[in-house]
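Below are two complexes that have chain A in common, paired first with chain B and then with chain C.
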Partner chain A sequence: MAIVSARGGRPWTFYVLAAIFVGYVAFLYGPMLCIYVLSFQGPQGGLTFPMRGAGLHWFNQLLSQGDTGDLIGAISRSLPLAVLVMAITVIVSFAAGMAFRARFPGSNWLFYLVVASLVAPGYVLGIGIGLMFQLLGWNTDWYTSALGAQLSWTLPFGLLIMFAVFGRYDRAYEEAARDLGAFPVQTLRLVVVPMLLPGVIAVALFGFTLSYDEFARTLQTVGSSNTVPIEIWSMTQNVTTPSIYALGTLTTALSFVVIGVSLGTIALIQRRRVGMKSL
Partner chain B sequence: MSASATLVAAVGRRRERSWSLSSLLLALPLAAVLVCFVVAPLISVVAVSVFRYDNFAVIPGFTLENYASVLSSRLTLSLYLTMIRLAAITWAVTLVLGFCVAYFLVFHVRSKLIAIGLFLACTVPFWTSNIIRMISWLPLLGRQGIINQALLTTGVIHQPLGFLLYSDFSVIVSYVHLFTIFMIVPIFNAMSRIDPALFEASRDAGASRWQTMRLVVLPLSKSGIVLGSVFVITLVMGDFYVVKVMSGGSLASVVSAMVDDISTLLFPHAAASAVILLVVLTLLVAGIMRLVDIRRELVAER
Partner chain C sequence: MDTAAEITPSPARTVTGHAGAIELAGVAKRFPNGALAVNGINLRIAGGSYCCLLGPSGCGKTTTLRMIAGHEEPTAGEILIDGSNVVGLSPRARGTAMMFQSYALFPHLSVRDNVAFSLRVRGTPRAERYREADQVIEQVQLTEFAARLPGQLSGGQQQRVALARALITRPRVLLLDEPLSALDEFLRLQMRAELREMQRRLGITFVHVTHTQLEAVAVADQVVVMAHGEVRQSSSARGIYAEPRSAYVAQFMGGQNVLRGTVESVAAGIATLRGPGGEGYAVRLGADKALAGQTVEFAVRRDRLSLASSSTVNSITGRVRAIEYQGTFVKMTLTRSGAPDFVAYVDEGAYFRAPVAVGTMASFGWELDEAHLLVSE
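Now for the complex of A and B:
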């Protein structure tokens, strides 16, 4: 698929674009690496280089409640919320992905609604949900209003991924299962879900990480107790020590663990499949 | 028509109807969540935008004063002009960068496995916190930041550059940093579907590489470019925290003005401003979407 020049070598555009690509990746990761490094400074540390001392001082500071309101509490809300959002996103967008394989009454409307919730400004949706709860006389809380607000962000992404997944999937397998006498539930459990598992894991990854890092929609809907991104936001407003970098390092490390596990699982499944085919 | 053909047609019709019924049921949970947490909230915003307010209390009623106040304010116009400027620059930069990155990954990387690995390298930061990625520019761009230190020690400049941080520049750098991935993914998708044989056909027909790019690749990537543009423009227009932190308070966006309204409990005023922003964005997105049939591009129907 790669382009070759007339003499069979790489054309000059390859080198230009490769340089742009490398530059982009450096631009993407460079600043993040800086704050990870700066978070491991000693007590005299500042917000910029050079490093002043080394150690875990700012992580201690962070966890001993020196600079934040209630970080442990925020984590103990953010994690269950992310798991909940992930589970709902997987189930609901999988079902909707199957639904969109056929035209059904209202399918156009639903599609435009999905696009609308994707492009509507997050903060505006957040105010809307906050106002709706106020008008109904309900209290906003992380497991009600913030959960709904985050779903309005993760479900469209989940559905877009399911579109891509079903786009490469051949429905004949389902028909074959049915012709062999499988019930619809068996077809789903034994044929459709195993075949689409890598895509489903990708949806779960999006559901978890987008919820765990969601900020704009959550700000007005979380109620009285914060999630981690809102804790970080309040730190950007009033903390001028490297403990904010320490929080960045900590929360990014957690994201990397989740990303690593998800991508590793997908790679494992794919490798097994290749292995089976070669048998 | 023979009897058996009629039977086949009838069975086909019935199967089609049962497909569409089960589709309806499967789509119901998604529809329910979006009606409760997108449609109903937006209706609430419209409702509150015509309420009165007085000394921090919101009073149900009907008035267009909030709209009159938002629309007649010079501040509104300047906020929109700022955001249109930032969105236009960010759009242009992310489009060029996203197109180059996607083109490199799809057409220049020979091994598919390596292409996927490099693509994931671009995607991973998207799964981490936006706010952390934004503040990670602070140690680079500040007066004592790495860039100024490097330029001073090498003697390129003698005074630290002030425009790097807390300026239009730092805001746009953060936008590009956060949002280019929204350009790369749709363009990458569109390009992946281009048949490589078209390159050969184009060359055989006597086209130069530049002509192939302009007449073959560009039109076939159009759907990705349109989708990416919708994402980037709406994300910038809806932003409030990048503009607030990275401009050091010297710039305000349409939404950050709303945040200030809300913090002083001026809910109806913020709601009216929200409705106006939604109308502007809807017109904009509808205009851009006319260029391609997005549903046909995304959904595989059989």
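Now for the complex of A and C:
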């Protein structure tokens, strides 16, 4: 049975699928667009349409730390935390990915343990870590308990990505380097890391975003000073002005900046590789 | 033939090109999973010669090569290069260089940086290593591609880069793991000639692993046929092809029919045999001994047969099953009841003067000296 109509135009299935797609996109981005637009409400505006004037009033409100909470402070914790998580995730999952290429005693069980921490409900895990810190008489803080809680989430992710990266990597490159007289550190620096750099960047991106966005594991482990998602969540509990929309717009913009920078970096690396031919 | 017994302690290449003699003594390799890849090999490779390790996949030839290279350590035995045991030494300290099957060119480095890699890890300044690399690149005729990445080169060019990268280390021994398998047929023939030429020019030892019989006999001074982790025969290319030691080697090399018969009598160094179908054969024994009643195997070259009109001594009769035109000769396959197929390479001109149809009966005979006794294993 021909799907293409006799007139040679698009088949009817095209229009059905297109309608589903448009509906899905509208459902996905419609509410977000509303929030972005409403965040530019005038000073007299409320949480709903219509717009009463327009301006950056609610952004000012948000950042002036008045009744809305300490967003700048939250960002000043979330960013270094995300960078820290990213760095540890990259280093540990890269090393683990290299180690897991060979079977070593207990490698299967270690892998199951890693995956188990991915499967365990994050909220429960966070409570557990919080309780343990309390039991030991330690203070929970973003750079101790929250860091550990987030790593329990990002490390398995990073490792799984590194498995995929190393799955396509041939050990012969390392042997060739060794054959040519390179020491292990030189092999790592001159061959393995440069060859796997795109995968490493992917792991870094994941580590950063998973940390920056983490809520469930962080809620009970962050201590007295919030990270951004927790701060936003607590704002939604008590802020009833369009400031909350301004926050949504701001965080989205930041996400786009991060994505843009990462894609730009990957594109730059690829261009540099291809560009060598024209030298 | 120079052997490892002639001890050359200096790792430096000699002008006469006899460094790089290799001796394997009782070398065995058992992998951690229990598989015995190499089962006690004894082998001598003369310095400055071209040696091919030949065998089907899984015969241990690549493992043997990797043990010489220092990428696997033997579980038993010694590997001597120019008389000194190199087991446990790094590839660099051994004075070996390896060309990998997939070439393993670093994809993120230009041709020049690939070739200069061994100098770079030794700390040679950039200008100096590039100058040296460019010289070697010129030797393999890749000067115009020096700034390219390996991914932008053809298979043959990539192979030359791999060769240059290995040779810049000035090895005594170059180890090549199926160097031609990634190339198409035309390039394969061209590159194998280039490898042979390069070996002659450098005067160092080449050890080349392949599973292609014709490739081995075309390039090698010494061909080593391996099976199941053991050396079945080590000889000159012609020796392997024309005088296979055993039925295994004869069948693996091709070009031979393996026949068997029971010894009826021995006279004047010639054994009279009776085949399973009642055929009469005569085989010269040479240094070998055979007793009446013993079953022996012998080989007859496919290209040393002539159409016989009737069944005489040293002839085979069978029904023609297939005829393949091969350009310079015609391959005829005869089936015989209760015996393996018999293959004859008939001169192209002779065949077409008197063609034979598929399904008819044909007889082939051979001279006494074309039959060659095999050792049973």
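Assume the second predicted complex is superposed on the first by the 237 of 279 C-alpha atoms of A that agree within 3 Å, B and C clash if a C-alpha of one lies under 4 Å from a C-alpha of the other, contacts with A are read in each partner's own complex, and residues count from 1 in each chain.
Note that a contact is a pair of C-beta atoms (placed from the backbone, for glycine too) under 8 Å apart; a residue touches a chain by one contact, two chains touch by 3 or more.
All of these numbers come straight from a predicted model, not from anything done at the bench.
When the two structures are aligned on the shared chain, A:L190 is found in touch with chain C, with no touch to chain B. In the overlay built on the shared chain, the residue A:I232 is in contact with chain B alone; chain C does not reach it.
In the superposition on chain A, no contact is made by A:I72 with either chain B or chain C.
For chain A, the partner that touches more of its residues is B, with chain B and chain C as the two candidates. Contact with chain C, but none with chain B, is seen for A:A176 once the two complexes are overlaid on the shared chain. Shared contact residues of chain A, touching chain B in one structure and chain C in the other, are absent. Interface residues of chain A, counted against chain B in their complex, comprise 1-3, 10-11, 13-14, 17-18, 20-21, 24-25, 27-32, 34-35, 38, 47-49, 88, 91-93, 95-96, 98-108, 110-111, 113-125, 127-129, 131-132, 135, 148-149, 151-152, 155, 159-160, 163-164, 166-167, 171, 205-206, 209-210, 213, 215-216, 220, 228-229, 232-233, 236, 244, 247-248, 251-252, 255-256, 258-259, 263.
Across the complex, chain B meets chain A through its residues 16, 19-27, 29-31, 33-45, 47-48, 97, 100-101, 103-110, 112, 118, 120-122, 124-125, 127-133, 135-140, 142, 144-146, 149, 177, 180, 189, 196, 199, 209, 230-231, 234, 237-238, 240-241, 245, 255, 258-259, 262, 267, 270-271, 274, 277-278, 281, 285, 294-295, 298-302.
Every residue of chain C that touches chain A in the complex is listed here, in rising order: 69-71, 90-92, 96-98, 100-102, 104-108, 110, 117-118, 120-122, 147-149, 152, 165-166, 169. Across the complex, chain A meets chain C through its residues 170, 172-173, 175-183, 186, 190-191, 194-195, 273-274, 276-277, 279.
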